[in-house]
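Look for chain A in each of the two complexes below; its partner is chain B in the first and chain C in the second.
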Partner chain A sequence: MSTTADPPALITDDWRIHGSVYTSDQIFEREQQALFHGSWLYVAHESELREAGDYKTTHAGTQPVIVTRGADDGELHVLLNRCRHRGAAVCQAERGNASFFRCPYHGWTYRNDGPLRGITYDDAYPHLDRDALGLVRLPRVASFRGFIFASFAAEGDSLEDYLGNAKPYLEVISEQGPEGIRLSAGAHNLTYENNWKLQVENTIDNYHFGFVHRSFLEVLADRIGQAPPIMQSIMLDESYRTIDLGNGHSVHEFGDPRTGNNGGQLGDLPFNLIVFPNLCFVGAQLRHVLPKSALRTEVRLYPMLHEGASDEHNERILRTHEGFYGPAGMGGPDDVEVAFDRVGDGMRATEHDWLVMSRGMHRERPGENGILIGHSADEVPQRAFYRQWKRSMEAGR
Partner chain B sequence: MESMESMERGDLFKQVNGAGERFRLTSEFGDVLIALDRRANGPRLQIEDLRSGRTIHLDPLELASLTWLTHERLGPFLDPSQTGWRSDQGACE
Partner chain C sequence: MSAGETAVSAAGQVAVDGGAAGAGAKEANAAGAAAAGVAAAGAAPTFDAVRTAEAAAFLYLEAELLDDRRFDEWLGLYSQDAVYWIPQGPDADPRRQVQLMLDDRRRLAERVLRLRSGHAYSQDPPSRTAHLIGNVRIVGEADGVLTVASVQLITEMRKGRQAQYTARVLHELAPVEGRFSIRRKEARLVNGDVPLGNVTFLI
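The block that comes next holds the complex of A and B.
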């Protein structure tokens, strides 16, 4: 099939997904408009920007942005990280504190909420409209329970409407510590040469656990006498369930979303959560998936520390997180190798270029507020994602 | 020049009142050395811009008055054509 096909036709009614959804540059570019230019995009957590003048750099879709707390007004702003003069990224550090930003290329200087404050050797610009040359602000910024989102669209659903059924889960996450959570440990970053959606899909894919993470289970068995019954629970425990929350969001619950657990080996959260399109929560980590191109992705993994808890407690969170997800961890690198790299190798075979995403579609059942509930190992989260993907791509035509 | 990393605000007091009397603040935009200068008849704060070499001394009244500033009112000093990059003066760094 040509990659110029209509994107909605790339997903069939029986839930086959065409390979070009992952590999096509044209699809990627359309996603940037349809998925990343209209809806709410996660950019930061308030714990990263506590003081006036604090800033961090990140991306909204592929576009570099600076998230700042105004030096005088203390308000949150999201600015495109692009000098209005010749296009250089104004801020380079991942985080810092500055009331003014000075571009490293020619020294143009901006207030940290956007306006152009001055130009070097400015007598060469007798007629420049400086008021029109501030750093470009994203028109909408909103925060829910400490999670900061921004949108390129001046109008649209409120953040709370957009989050919808995902809100109660975000509330639970925000209350993990005695006084909330903080992302003060920073992030570790990974990069892989494949599509960004693979990382989102892999965030809730219990079907793979016994295969990709078999070595992890074997190490645990050696250490504690027997492997924790993770796969048995996934296959047999009816309180484990996947849910399409609507708007592309999905969750996997390990029993009660406030008290459930996953055997205590993967972190503290009693569920995995995906907030469409590119924010994920798994273990004790906030996972921000940053698309770079159709076949290149960066992922930032932020361990969520517990505010008000002891240093020893937070150290345990970090060590548990690193043990599975860290660069030398027993789980994360296996996901990169199999779920991203090997999938990349395999999908170069394009004679029959379709994936099958129908697992358990016959046993999805409706719940309250329009949700769809399925078996723990079914591809409910993937279908939740692609239902919204399809709607967004159709709307963006 | 001391090679001290930029410090948290709480450490600042410790350094000024304790044994160390100089500290360095660095960001991707600026690099300054701050010192408590006791050479004059009264104490002063000395700020040295490590990129340009320019130095200013501020006495307690001047420092107290600075607390009335907003960052926006400080803005004219951040205009590079007024401070360091004037066409009739050339570059200072």
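The block that comes next holds the complex of A and C.
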């Protein structure tokens, strides 16, 4: 089948997904215009922006943005990192504190909440509408439990409505430490040459764990002196379950989601969470997936430290995280190799360009508030994602 | 300790007496003679050619074991209380910030176990590497433990792709039974804080 750009036709009723969903530049462009434009996008955590004037540069979809706490108003703002004059990025640093941003090209200066404050040698502009030439603000910015989101769409669901059934999980995450969490430890930076959705899908894919991470399971076995119980739990323990939370969000629970700590080697959260489209929580980590092009992605893995906990406790979170994750970890790079690179190799065979995403479809059962519950190693999270993907892509047409 | 701190090795010891310790003595003599030439030309007046050559020969040995994938022998170079650190960025504080690696001896052994398991897909096929070591200097000594600075250029070839990693490296080498034992290795990659794909070969 040749590539079609018609989103509904790319996902069949029996849950086959067409390869062009991952490989097509045209679909990638449409995702940016429709899906990323219409969703609430995670941009930062409030612990990164505590003081008036604090800022952080990041991306909303593919768009470079500066997240700032206004030097005057103390409010959160998300601004396109692009001078209105000739397009240069006005802020280079990853983070810092500034009451204004000065473009290095011709010296145009902006307040850190956006408005144009000064033009150098401005007698050459007798009729310029300066009020209309501030750094472009994303029209909506909102925060839930410290997680800051922004939207390019001026209208739509409130952040709380958008998060919906994902909210209780975000609440638990925000209460991990005695006084909450903070993202002060920096982040692992990953890149791979394949589609961004593969990283989101791989975040809750318990089916792969025993295969891709077999070498890590052998390390665990050596550490605890017996075969680690995780695979048996994934396949047989009924308290391990995947849930389609609606709106594209999904969760994998492996323990009581209210009690906090799973005591395992992979981190502290007793669940993995995907917040549509590109925010994930795994172990003790906030994972921000940054699409760059159809076949290039960057990922930031931010360990979440526990506010109010001892330095030793937080150091242990960091060391545990590093054991599995990051470019030199004993787990994450195996995902890059198999789930992204080898999938990329295989999907060049486009003569038959379909994937099968139907695992456990027959045993999904409805729960309260419209959720769908499935087995731990079923492809419930992937279907949750693509249900919303399809809706978002259609809405954007 | 940083690579920028002043060398404290004893001044004026440029004699080449063939007393290189442990493995690699032959290479040490050759390197020592070359280094002594540099010192005689006045480039490094406090240069201890013999001990520098001994340290360099040991770094070459470590590199060779890594490049030959002789991981058990490589692990044997490390003391039981060894620390192996690859910082993520130039200002990385390991107590407060995430690192690429900050391993104790146990985790180093786990890495070797993983690499030998046959199921470490990120090293299947394995990276082919060559470490080129230069700028070797003894930059500290305390209780017989040498701190040795070097720059290592690591070329990696894997799946038809060539990558280059450059690290400013510090080793703390303790003399144990006529040879060195690595107490600490710190490899500051010049590209440690940019997005990377797969750094699962050992640096």
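One rule holds in what follows: the second predicted complex is superposed on the first by the 390 of 397 C-alpha atoms of A that agree within 3 Å, B and C clash if a C-alpha of one lies under 4 Å from a C-alpha of the other, contacts with A are read in each partner's own complex, and residues count from 1 in each chain.
Heads up, the rule we're going with is that a residue touches a chain if its C-beta (ideal position, glycine included) is under 8 Å from a C-beta of that chain, and two chains touch if they have at least 3 such contacts.
Source: prediction; values computed, not measured.
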{"item": "When chain B and chain C are modelled together on chain A, clash or fit", "value": "fit"}
{"item": "Which superposed partner A:A89 touches (first chain B, second chain C, both, neither)", "value": "neither"}
{"item": "First, second, both or neither for A:P327, with chain B first and chain C second", "value": "second"}
{"item": "Partner chain(s) touched by A:A142 [first = chain B, second = chain C, both, neither]", "value": "neither"}
{"item": "First, second, both or neither for A:L133, with chain B first and chain C second", "value": "neither"}
{"item": "First (chain B), second (chain C), both or neither touched by A:A124", "value": "first"}
{"item": "Centroid geometry (CA): angle chain B/chain A/chain C, rounded to a multiple of 10 degrees", "value": "70"}
{"item": "Contacts of A:R111 with chain B and chain C, given as first, second, both or neither", "value": "first"}
{"item": "In the superposition, chain B vs chain C on chain A residues touched", "value": "C"}
{"item": "Touched partner set for A:I373, first chain B, second chain C, both or neither", "value": "neither"}
{"item": "Three-chain overlay, closest Cα atoms of chain B and chain C, distance in Å", "value": "11"}
{"item": "Where chain A meets both chain C and chain B, residue numbers", "value": "none"}
{"item": "In the complex, chain B residues that touch chain A", "value": "27-29, 70-72, 74-75, 78-82, 85-87"}
{"item": "In the complex with chain B, residue positions of chain A that touch it", "value": "53, 71-72, 91-93, 96-102, 104, 107-109, 111, 117-124"}
{"item": "Residues on chain A engaged by chain C in the complex (per definition of touch)", "value": "184-192, 212, 214-216, 218-219, 222-223, 298-299, 301, 303, 311, 314-315, 318-319, 321-323, 326-330, 333-334, 336-338"}
{"item": "Parts of chain C lying in touch with chain A, wherever the complex brings them together", "value": "86, 88-89, 92, 94-102, 107, 110-111, 113-114, 117-122, 124, 193-200"}
